[in-house]
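Structures for review follow.
Consider the two complexes below, in which chain A is the common component and chain B and chain C are the respective partners.
Take a look at the complex of A and B:
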């Protein structure tokens, strides 16, 4: 750890070098975040003509609101399913690439592609394929006797948004898993093989434990991704429906604030979200920093 | 005298230097695609017609986005002079005293000739306050009508020139259509909230809220759980089960139109402004038009339908010259020629009687059968307290609740009575919050 520290002679220079980043953080993060916190204590009409200080009423109303509690639940289900699916698939793909030698580069390049697709575009792609009226997959599913309709069926809707959100994140997870796998010394696995451990056993007892820092890092990153970056996917596919079954927290902030113009409640919701991210980040640094040797 | 002289001298100097001292005003609107192009044509024609004022139209995205950006701009003191706001935003705009400049007031203050009686009562009623003053300028108003596939009707052994009149007809026709294999489904619809609840109620002269559907004050409550609405939603759920009705999705119902175009469903209810889209997409079949169906056993039905679409609101905080420009532009917009042109191009209602008469003179309605169904339906009877429209705050969110409860109904989670009770309960909670924020 010691060798990471740089030595500066003058005291002012480090602050000067940090200044641009600090100013940007202050303007684009601290200031708006402060405004959001202040706004969350107010009740205001849309135009900002009549403002009343209501202290914590926005928060108490929020946690008494069944639709907000529903959004919390939906977010947990969505985040965990997306993380499980995207990390599971990414790990399998990474293992497959790790075993192939010659074609690994081509596979990797192809697998990284979806990451370059904007969430809204990804959403529209999946929406199109699964559209109950004109989509190809509902048509095929009808052939095997399943009536797909994500406009009405909650399960179908959740499945679809999870698939589209995970699809995009697989690339990112895949990259990290491949890097993680390559960092595992081959001698360890060879030694185990010589001792008679089969591939499955080698995976569970050697590869997976040695991958755990990568896995944990990706878990946190993916969950943060599902909570914030999936706005485009939800907006393009379900708009939070049917009957709020895919209305995740960040989408509800948008719905209540930008569509419903209820700024106080929307601000309170974003403050809660900010709290969740802070907690996640703290966990990540506490836990990961201690366990990982870079 | 001296002032007039100096102004005309100034005007002369200005015109000589070819840089005219025009008053420029901003108009934020939500008309994309072909409608947006048409709108820009109208504005360009206005700008060419005189040299004192210049209107600059800016497309701001969807209705909700346009309204939100105008409000955000107002908070930042960068608001446009004119903004187009959809009908469900009316409650919010009206409550914002101090932010909006009522149109009747502006016309009076700028000495612009203005006769509210020239406008269609069904259109204007939606946008007047309790004292009968017009608060915003109607621009694009529509009402839902019924479109049907004449070819499918013929194949099913129905008369292709007779649209169903009642819901009983719709049910019977659908059965015939499905039994004969002419189409897989009877009907679909856009806008569950607007067509199958708000208009259904007005069409049957049923209230959807207390205090004259919210016109009478901010303390109004929703009452959409009346017997007619419950019966209709029960039927819709039943028909969805048997395939007579197919759901086209929340909000505007994006999946509904393709079902009709692909001849999956034989009938389709949506805005009269969908006409252009229907005509462009119905390539393989003939389209018939009809009024919305009603229940034959409900007394007072059919009453009249209510409008949707948007109006133009003027925002406070500008110079008096800019309001003169806005008033002048509004007079131009509501002139019969401009209105008739816009109405015939888009399928929106002509907002003045003069524009309607001009269309008749031009023989437009004879040449385009069905294009006057909407106006006949909206003027069928003099509007009652139940059928002049609705005015609730937070209504954008309440529309969302209507969609959610309808989805819960179709998914079989709740029955129609519970769904509509829920709409009332959840909606009233939003109305109370709105009341608190605006008092």
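Take a look at the complex of A and C:
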């Protein structure tokens, strides 16, 4: 291994080859991130003429602001519900595929398609299906006596964005769960069957614990996805409404910054989000290296 | 404790491939039966059918008086030791041993008693709280055995349980399995492709070939009277020598050598002779085979001479001190010869 380093004779060559990636990272990530951090210490007056340095005041205001705390709560509910729904459904589908693997090709391919759909398009799709006036599902729900209206009802709105966001992520989780299940030797399940564990007990005591590294990985990935990648879903379906009930953090950054033009607060919010993703990533690497549970 | 009866048992996989067929075996209570045969002959399939891990497509399996064809593996009262041990990696050794008992809602105290007992017998008491990945291969093997014995089942099933161990450990574990089985007196079916393991473990031996029973018998019976050239070559090491010969009017001719044989058969035959039944004689002796030495294998206790006999290969065993020369004559007693027909089946 050590000798292989000698391939690069010139000292500068490795840096030259890395340059495109480094430049892209610097221009599109490091520079804006630095800007955001700097901006989060500033405040502009109402007309955008004067800028003053206010140190951490944007942050202290943020955490005293009920609408921000609401957004935080909404985000937690949204992220956990989406993770639970998308992972739960993905796991059930993966278990079904794992049982009958030979005929599972077509089935798997179909299940992967939603992942290729852009979040905004997925949002519009579900928005149509759940449209209170023209949608098919409110019509069916009316049949069982439920008046669906996500434009007015906070619960309906949250349910709809969770379904739309989860639907897209199911494919991804499904693929990982199938791979995870395949990695569990059949003889373990056979041994458990001989040991008197029925299918349900086998699932809870053997399959699920052995799947825990996959599950943990997907939990973090899905939470990161719901916190950052679901902007399109929210924007296409509810725009954060009704009454802020689906206004998640990333959408609020956009609303306060680009719509409300409160750049200092928006920047502070971005920095908080950045902090959250860094923490999640660190947890991810720590645990994946150590392998959860066994 | 129970007998195990297989009656015209057969298995055809969904793909249409017939893995085993027409198996009739009675295993007595407490007997140690070994299934042996080359790779792909259907040993595992047969064992897994008994365990209930493969469906039965023909015939029936009875444990004691009870037909178990349609019972779930858990309800058959069997325990199985897998080739890769199949220990639950996320459970400690203690949890691995007690899992089957907890699933059956056995009382806590009884579980503890049985686990401690098994740990004592198998000498794994020191690492009951460890996870399997922190054990050596031999220790894992013992845990896998322990998981089978705590259940106190009617039948033990083993699928090549020693094939992942090194040669020395394999010999030790072989002895331990044998002793344990005798002590517990549990009916056992053991699968292996290693003929030596089969010979040393078995009360009775079943030689399988392409999904069919080729011969059933005690290790000595199978060794001394192989039912076919297939068994003759498979059981015993070095493999039995097989030469082409012709029988005519009570005389056997192999190449230029002829000898009297009290056998009424006429026509071409395959003649089998074990390496240890051949001895060196002076050239020109009536009935001796002229051979040319190709090389010698020193085994310490004895030496194996590899010879060329008119184009056929021949192996003979000699005491370690005996000198061997380039051109020799070898001979065996008529009683030591095995005659097989053109179809490979034993003639007498």
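For this structure, a couple of remarks:
Going forward, the second predicted complex is superposed on the first by the 266 of 294 C-alpha atoms of A that agree within 3 Å, B and C clash if a C-alpha of one lies under 4 Å from a C-alpha of the other, contacts with A are read in each partner's own complex, and residues count from 1 in each chain.
We take it that a residue touches a chain if its C-beta (ideal position, glycine included) is under 8 Å from a C-beta of that chain, and two chains touch if they have at least 3 such contacts.
Source: prediction; values computed, not measured.
Superimposing the complexes on chain A yields a three-chain arrangement in which chain B and chain C fit side by side. Once chain A of one complex is fitted onto chain A of the other, the partner contacts of A:185 are limited to chain C, with no touch recorded for chain B. Once the two complexes are overlaid on the shared chain, A:206 sits against chain C while remaining clear of chain B. Touch criterion met: A:195 reaches chain C, while chain B stays clear of it.
Residue contacts after overlaying the shared chain place A:135 against neither chain B nor chain C. With chain A as the corner point and C-alpha centres for all three chains, the angle toward chain B and chain C works out to 160 degrees, nearest 10. Once both structures are overlaid on their shared chain A, chain B and chain C have a minimum Cα-Cα separation of 51 Å.
Against chain A, the residues of chain C that register as touching in their complex are 51-53, 72-74, 78-80, 82, 84, 86, 88-90, 99-100, 103-104, 131, 133, 147, 151. Chain B meets chain A in the complex at residues 64, 68, 71, 74-75, 92, 95-99, 247, 249-251, 255, 258-259, 262, 264, 394, 396-397, 400, 403-405, 407-408, 410-411, 413, 433, 436-439.
Against chain B, in their complex, chain A makes its touches with residues 43-50, 52, 131-134, 151-154, 239, 241-244, 255-256, 258-262. Residues 185, 187-188, 190-198, 201, 205-206, 209-210, 293-294 of chain A touch chain C in their complex.
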